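What follows is subunit A paired twice: with subunit B in the first complex and subunit C in the second.
The block that comes next holds the complex of A and B.
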């Protein structure tokens, strides 16, 4: 095999792997961004240095968010001051809270329990302490 | 490499000189000094994170935020850029066979802007993080630190534009007429690529800084949402400059490996053409991928796909460099002297960092890794793993030529082993921490996740090993430049002189006469 052939084979293999990564993430991301029509809206507001939540029925919560197992929820994420990033690592919910913008994320928890909520974008003095918790409860109704 | 030894001169003669090697030495001394200053900050950060809790080492989060901000700024702009410029200053005119840089006075001016910028960054000690995202940097960051950060970065930006213009003119217009551009050694090619990239990219950030300054003064509201602006605009301007800037930091290190690897493999380079092609490709494609830093800012699906393709497109070119290195080493009689150890270690870590980068650019995976310690581990594998290893290898490589003395191969090996092991332990572990969900830029972490504590401790021990390795490095640099054995200047490593191919060409203008 000549010099050039070896290099072109190598480049072709790299490109093939990249195509696989690209196509696969296109498919997954397309599926992830497809919000179910019946998702209940929860408004999430980030401000230095806590999260507050407003459910569709008007209930408000600070730092701790209660949701029901088996339901789909759509987060509308705002910020009142600087950039934050709303993150529930265990449910791969992650979207920046940008002042002046409304961003979206959704999830449908299928396991009851308590999970951490955190801020994943540097937002100043107490960024490390901008934590909350998500409580997924069994739906009794 | 023809670097003629000079008689010892008073320091002020070197400081006021405009000769390219003298300016190169100034850059090197400046850059290596700040490597150790930034390194001390890194040790403070890692030691503080050894235990969860508030006052482990740093007593408050305000100070901690300032420390990691200045650590980042120092390592990028006061270490990586100056050292690349220094080595470029020393080697590029020799490689293109010209008597000096094209504009010697401009060269000295560009260097002397660096201490001013450095003073502003260190005396200000801002807490904005090195990215200084709006609107935090505008409405909440305390002054005068944030304003000093803006002016410091402004000065460093102008300095890097000036030195880039100098490199481009030196390489393109001042090269020897018998030397076609495609035959110019690959290290000079890497400097040419990054200089062109700087000239295209840097003005964008310079303008963003001015907008940030007027926003802070309340005269405008470009990025301030409470005055009708948009913070996302800042992110676009910032990353349009600083994604290409990542390659600006990286490519000189790759160029240095191209100097080291053929010589210590005692074989000609596998392919000059493919190296040039890969540099040019990276230089162009580097501008197509800035949006992958912003997937989670509410970017729509199509834009994300475009930036993902742009990011993935840079990978084959990086892969061509790796292939070129491996094919050069293949079947060579390799001499694992210190420069070669660091170059080979750098290639291994470059490959690991690149593989992690592919995962970051894949949209769904980015939502897991973005803003976590995964990213910290990933970019440090580039910054220490590739750039650090390339630079340190090159510094060992130039050591006998600059000082006329030989470093100790034994201590250099100890440096290499500690630094390589430490890098792997520190930053591979941080990838895992990221997958566990730990956010970056945190002063403290909760005690209830035991895996966070364990992984942080493993990572910190690795960081101490890197710190120890650099203590060895500093001590050897100082000791062996004064007390080392005299080097055989024709062939310091005994690998056979004929492998010093294109640089050995004698300078047609008669070498040093420009003092």
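The block that comes next holds the complex of A and C.
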């Protein structure tokens, strides 16, 4: 095997790995960002220093969000004052709350329980205390 | 004749690589399409998808790292001064060596 062939093999392997990384990431990103059509919309508002939630039926909650197991939810996230970041670590929900702009995230909990909600963008003096709870309840209907 | 052989080699390498990438990706594409056809109440597990992707990307990163660092280690080992193979100058070194008598003839 000459130098020429070895170089071609080297270049081909690296290009192949890069192609794999690109296409694979694209497939997964598409799957993860694809919001289910039946997802219920929940408006999430961040403000110094608490989270408030509004369900599709108009029900409002502060700091504690109640959802049902086995349902999909789409969050419409925005901020009233400064930059915040809406994060539910246990469910891989992590999206910035930006004043004047609505961001989106979705999730479908499949386990009942209580999970922490937190702000992941330093937003002022009481940022550390800008916490909430996600309560996933069994769907009895 | 030699040129054709090299062309064939390059084609063979390219086809092999494309085939390997396709084999790695086709199951995922099929899986993604099947997932879209499932009933409305079945959702993908975001945590599993994200962590699986993380581990696949880690594998790719370590593969590239192994190739690059392996090549560098081989280069250093093969072209070290003490390697018996390097006793005789290569044809390129010989050409640039003024004492070899061909330096001025090359027009430098």
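The working rule: the second predicted complex is superposed on the first by the 122 of 141 C-alpha atoms of A that agree within 3 Å, B and C clash if a C-alpha of one lies under 4 Å from a C-alpha of the other, contacts with A are read in each partner's own complex, and residues count from 1 in each chain.
Convention: a contact is a pair of C-beta atoms (placed from the backbone, for glycine too) under 8 Å apart; a residue touches a chain by one contact, two chains touch by 3 or more.
Not measured: the values here are computed from a predicted model.
**Student:** With the two complexes superposed on chain A, say which partner A:21 touches: subunit B (first), subunit C (second), both, or neither.
**Tutor:** In the superposition, A:21 touches subunit B and subunit C alike.
**Student:** Given the touch rule stated above, what does A:72 touch, subunit B (first), subunit C (second), both, or neither?
**Tutor:** Only subunit C; A:72 stays clear of subunit B.
**Student:** Now for A:108: first (subunit B), second (subunit C), both, or neither, which partner does it touch?
**Tutor:** Touch status of A:108: second partner only.
**Student:** Using the touch definition from the top, say if A:8 reaches subunit B (first), subunit C (second), both or neither.
**Tutor:** In the superposition, A:8 touches subunit C alone.
**Student:** Given the superposition on chain A, which partner contacts more residues in subunit A: subunit B or subunit C?
**Tutor:** The partner with more contacted residues on subunit A is B.
**Student:** Give one of first, second, both or neither to describe whether A:91 is in contact with subunit B, with subunit C, with both, or with none.
**Tutor:** second
**Student:** Quick one: classify A:116 as touching subunit B (first), subunit C (second), both or neither.
**Tutor:** The answer is first: A:116 touches subunit B but not subunit C.
**Student:** Which of the two partners, first being subunit B and second being subunit C, lies in contact with A:100: first, second, both, or neither?
**Tutor:** A:100 sits against subunit B, while subunit C stays out of touch.
**Student:** Touching A:30 in the superposition: subunit B (first), subunit C (second), both, neither?
**Tutor:** In the superposition, A:30 contacts both subunit B and subunit C.
**Student:** Can you give me the overlap between the subunit B contact set and the subunit C contact set on subunit A?
**Tutor:** Of subunit A, residues 10, 14-15, 17, 21, 24-25, 28, 30, 32, 92 contact subunit B in one complex and subunit C in the other.
**Student:** Quick check on the complex: what are the subunit A residues that touch subunit C?
**Tutor:** Contact set of subunit A toward subunit C: 4-5, 8-10, 12-17, 19-21, 23-25, 27-28, 30-32, 34, 36-38, 70, 72, 91-92, 107-108, 110.
**Student:** Touching residues of subunit A toward subunit B in the complex: what are they?
**Tutor:** Residues 3, 6-7, 10-11, 14-15, 17-18, 21-22, 24-26, 28-30, 32-33, 48, 81-83, 85, 87, 89-90, 92, 94-96, 98-104, 116, 118-129, 131 of subunit A touch subunit B in their complex.
**Student:** Show which residues of subunit B lie in contact with subunit A when the two form their complex.
**Tutor:** That would be residues 61-62, 65, 127, 129, 133-136, 139-141, 225-226, 229-232, 270-271, 274, 296-298, 301, 304-305, 308-309, 312, 315-316, 319-320, 323, 327, 358-359, 361-365, 367-368, 370-372, 436-437, 439-446 of subunit B.
**Student:** Give every residue of subunit C touching subunit A within the complex, in rising order.
**Tutor:** 6, 9-10, 13-14, 17-18, 20-21, 24-25, 28-29, 32, 35-36, 40-41, 43-47, 49-50, 52-53, 56-57, 60, 63-64, 67, 71
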